């Protein structure tokens, strides 16, 4: 085993910069989602982004459809007296030649009843294609799968 | 979409350095907490740190009060035959002009009965102000909220 | 409180590079495990790696034994109609003088019944010694402990 060279260290730091940027991106993204900040959350997607989930017959495309879906979910949670927390992690970050970044991750959704218990609501896998626009990462496409529906 | 410039890459690596440092900070901090290492845990706070939780009428201020609270919790867990794991994550790290760092995060507490089942005990949100003293990050103030008490 | 110097920033970025590399390593490692990709998973260990768990009287040593254990677990999960997700985190990363890296972490295993509920299956702690071979991190030894068996 040998110590890393200076060039390897620099390259690891640069890769580490992207890895941290991806984690920061998902953190703010999920905080917005769980606060029901539908429009701000939708701005983490490109204008023409596509979002596929197993419970819909076709992908949701575009920010207006995405934010509408979050507004509906947020209203249903208020009605139910539940707080959801989307917890993304276990990020496998794969930079592509064209500058986009494929991210394979897990997302666990924790649910808590106000005045009551917390539980694991869902365990999902997520494959995103992130692109950079104006210096920021945005989701161009997302594919979510649920472990209970496999 | 364009590839990042060299300067953007360097800046992302530096931001990534802080992001990783924050994650490392919380990891050791929570390991100490879950081991019941009350004094070492309290040393991750500044001398005059303030810790607010919804179940106390006023913030706990200072390391002596913080470590005393952890000693009480640790003794109660031993009595109950339970192991808790504080799992911090989904870090939204916001560096401030004055060198402090605001960190918005989630913390899930997993509980396991010896010889029994594991469960989600609590889901919390946490807003910390971190400052740098002698090269190390320390918590100057913490505000914890519990999803079940919203 | 003072702002970090340029040298501190560079050093944090380099440490951040290692921290991110460790997270990326565990992410791919656990994705392979949960997909049942036993041979590829075993290649994240050194040839002579040692894996200790409380439920076995002696450590498993070497890739053949490791991949055989994963094949058995994967078959049992298919039989049971369950999907497990190994979620590593709360990484305390401690670089050693000889270039190896000790990583203290937590791992939660989430289990989901197809067509049914999700739950916390296990909460574990994990201490790994990682070494670098041919530029890549590999596990040379692993010690897993389960919170329910303490």
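A few comments on the model shown:
Order of writing sets the chain letters: A, B and C. Residues in each chain are counted from 1.
Everything below uses one rule, namely that a contact is a pair of C-beta atoms (placed from the backbone, for glycine too) under 8 Å apart; a residue touches a chain by one contact, two chains touch by 3 or more.
Keep in mind the model is a prediction, meaning the values are calculated, not measured.
Superposing the C-alpha atoms of chain A onto those of chain B requires a rotation of 120 degrees, given to the nearest 5.
Residues touching across the chain B and chain C pair largely diverge in numbering: under half of the numbers involved belong to both copies.
Between chain B and chain C the centroid-to-centroid distance comes to 22 Å (mean Cα coordinates, whole Å). For chain C, the set of residues touching two or more other chains reads 13-14, 16-17, 19-20, 89, 119-120.
The part of chain A that touches chain C in the complex is made up of residues 1-4, 8-17, 19-20, 89-93, 104-106, 108, 119-123, 147-150. Across the interface of their complex, chain B is touched by residues 13-14, 16-21, 23-24, 26-28, 30-31, 83, 85, 87-89, 98-100, 110, 112-120, 131-133, 135 of chain A.
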